[in-house]
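Before anything else, here is the set of structures, which you'll find just below.
There are two complexes below, and they share chain A, which is joined by chain B in the first and by chain C in the second.
Up next is the complex of A and B:
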């Protein structure tokens, strides 16, 4: 059934095609700007901090694709449902609410990746080239870490959505966490280039495990043991988020009951 | 000239409503400041390892971006809401209301939807600007300040024009949200960095066709 939902939301996106053309242009432009800036920064240098330009290109492209995969409006959607009260209906529907939201988002994201991010990336690859990981086990570990990262991100996202029960507005939480995410997940500038103290802070936060660490596995910046260590850390954080989520979810249901009288 | 007085009245009403919802305003202010400060921090980090981009240092690029954000927000005060929402208004028929008022419709539109959400941006941009000028040890003399003010005014007008042009397209295509984003966010992304970082074709486009280069570069 969830597969059906993914398909439906994928098809739904087809109805707004003109928007999607402009969207491709937009994605293309952002990627192009980023790549121009990186290539200017790299002008006349072989490598910086052990990172070669090829790695950087791969970073930008893989990052764009993961960015499309973990794009999520779930937390704002949950927020809206909480504010207008329709979440009470979701509680009584005979589906797993989180899985339902996740499937719809995944369908939209797949559409976005196939019709918008991949074309834009092809353009970048055409100009700057693209390298695959050197060994197959690197690729497998990368995919494994990536899936973990996605799960981690969506758990985090659910918690954000549920926070609206306490904050009463979806926007502030959204903006502030987005800023934090950009700063400590390494989605704009990879953590390779971070000053020491900022990097240390990011080590204590889960954000880097979502996009940055899988990509370091991909471009071969980490050894085999380090890759497993990353995956281990991901598991720990997933468990932490899972428990937090359960706790918030139970808590929030009692809040709804109180409001309902 | 009577419009000026009227416009002030409209703005006064908006400001009053802002003071009324103080909590929401402060939260908004706080959240936005964090978001925009992060943008500057990211520029700083990006150039940190490389020392410079096309000969521009960290603080110089931040200065550029402060001019960009500053002029964008100044234009946004007056034009962001009327033109981003124009598509929706046309679609839902609300726009007819604007046409029936005994005023210039353009004037009515922009005075009705003055936005109070840009104080944070201006404050952040201004502080970063002052901070960078201090770090770079630039001394501003009388004429420089005048020149700076004229530059900011010009930049604001360019940003405003971009709002209006991408907004009014809604009369033909109705759904202008994506086009707007394209012009206002993605294309504007270019001038976050000095345009000498791009290749010649882009430089020419940004100078003559979409004159964003004049905003800060």
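Up next is the complex of A and C:
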């Protein structure tokens, strides 16, 4: 059933072709700007802070793809549905609400990655090249960490969405997510280049585990032991988020308040 | 045991009060006044398998709140509900598998895909087997005349077409109970009659229990055999439709074409409501004189060319009840 949902939301995306073209163009531009900045900063240097230029290129590309994978409107969607009351329709379906929302989002994201982000990335690869991980186990660990990161992200996202039950306004949710991510997840500037105190703070937060850490595994910045340590931390956070989520969900069920007729 | 049991159910909402003015708005950021609104007060009823129940009441009377509690969306503040032995708001998933819901103001359909795609999804979601699915789909498409727009994206469909699709979805998995919350809202006469025919047909064929809320009394008169009326969260009437008519609509209108002009009926039991020269209309209480007596009385004294009896429609009764309150003024 959830597979069917993924398929449907994937198909639905085919409707708006122009949208798709504009999105490719947008992704292309932002990747191009980012790459230009990095290549200027690296000019004449082999490495900065122990990070090679090739790793930087890989970082930007993998980051774009993960960005597409964890793109989510779930929190704003839940928020909107709570505010206008259409969440009542979701409550009367014999499905797991979380899995339901996640499947729809995943279908859309897969579409976006395949038809929008990958084409844009190919362009970047064409100009600046692209390196694969050196060893297969690096790749496997990366994929493993990536999946964990995605799960972690969606739990976080879902909790934020549920908060709308209490605050009755979905607007803050998007804002909070973006702010946390850009600052502590290293989606704009990798944490490699962060000043000491910011880096320390982000160590205590889960956000770096979503994009930054999997990529460091990918480019081979971490040893095998460190990679497993990262994955272990991801598990811990997933459990924390899972419990939080459960608690919020049960709480929200009792205070559900459906508006509008 | 009845299929649906509702015992002493109440539901309260907190409503935050907004005061006018900027200062008050600022104040409301810190302290908010609220009041408790009782959307439902001590509601009791039980519904048996296969019944067609009309659930009526003015806007804001508590209809939708009741439907939402029955379907498991809302938890009652007090009292308990069982639907087919399950508690809907605790056993939400099990309950959902055995019911269908149509909200006239909301849609289940995927906006950018043809409705058949949504049907496919619901087949998987409700684990409907191939034979039932195929059989039901054919039956519904035929009955609701949906063939021509089956493969068109939903966003290009009219309200009536979308409504019909939503109706089909609600019945697709052969649910035991279907809640219809204003299924005919905003639809034209033709579509309305299609929908009514569909509902009656499905009930006859599959013995589905139906609870229908509506503001269109023709829906009630054509579909339902039982009526529950609610106002300000309280049940005012629960019984058969015929009983409702005799209890509250005990007046009928007699329209008579007299042979001559200037006829005066002095009998106080005949209340003149309309005077069009030869044609006069009288409102008469059934409890005072029944129609046959009234006609005999008139015919004995006057020459008449034509006579017509108009029953009061449910619509008029309800209108009166909404306006004057249940016990009159």
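The definition used in the following text is that the second predicted complex is superposed on the first by the 256 of 261 C-alpha atoms of A that agree within 3 Å, B and C clash if a C-alpha of one lies under 4 Å from a C-alpha of the other, contacts with A are read in each partner's own complex, and residues count from 1 in each chain.
Operating definition for what follows: a contact is a pair of C-beta atoms (placed from the backbone, for glycine too) under 8 Å apart; a residue touches a chain by one contact, two chains touch by 3 or more.
It should be emphasised that the depicted structure is a prediction, and the values quoted were computed from it without experimental measurement.
Ranked by how many residues of chain A each touches, chain B and chain C are led by B.
When both complexes are overlaid on chain A, the residue A:140 reaches neither chain B nor chain C.
Contacts of A:5 after superposition on the shared chain: chain C is touched, whereas chain B is not. Residue contacts after overlaying the shared chain place A:175 against chain B, while chain C stays out of touching range. After overlaying the two complexes on the shared chain, residue contacts for A:48 are found with chain B alone; chain C is out of touch.
When both complexes are aligned on chain A by C-alpha atoms, no chain A residue touches chain B in the first and chain C in the second. Those residues of chain A that touch chain C in the shared complex are 1, 4-5, 8-9, 11-12, 15-16, 85-86, 88-89, 91-95, 253-254, 256-258, 260-261. Remark: chain B residues 24, 27-28, 30-32, 34-35, 37-38, 41-42, 45-50, 53-54, 173, 175, 177-179, 181-182, 185-187, 189-190, 192-193, 197-199, 202 touch chain A in the complex. Within the complex formed with chain B, the chain A residues making contact are 18-19, 22-23, 25-26, 29-30, 33, 36-37, 40-42, 45, 48-49, 169, 171-172, 175-176, 178-180, 182-183, 188-189, 193-195, 198. By the touch rule above, chain C contacts chain A in their complex via residues 13, 64, 68, 71-75, 92-94, 96-97, 99, 101, 103, 105-106, 108, 110-113, 117-118, 120-121, 124-127, 153, 181-182.
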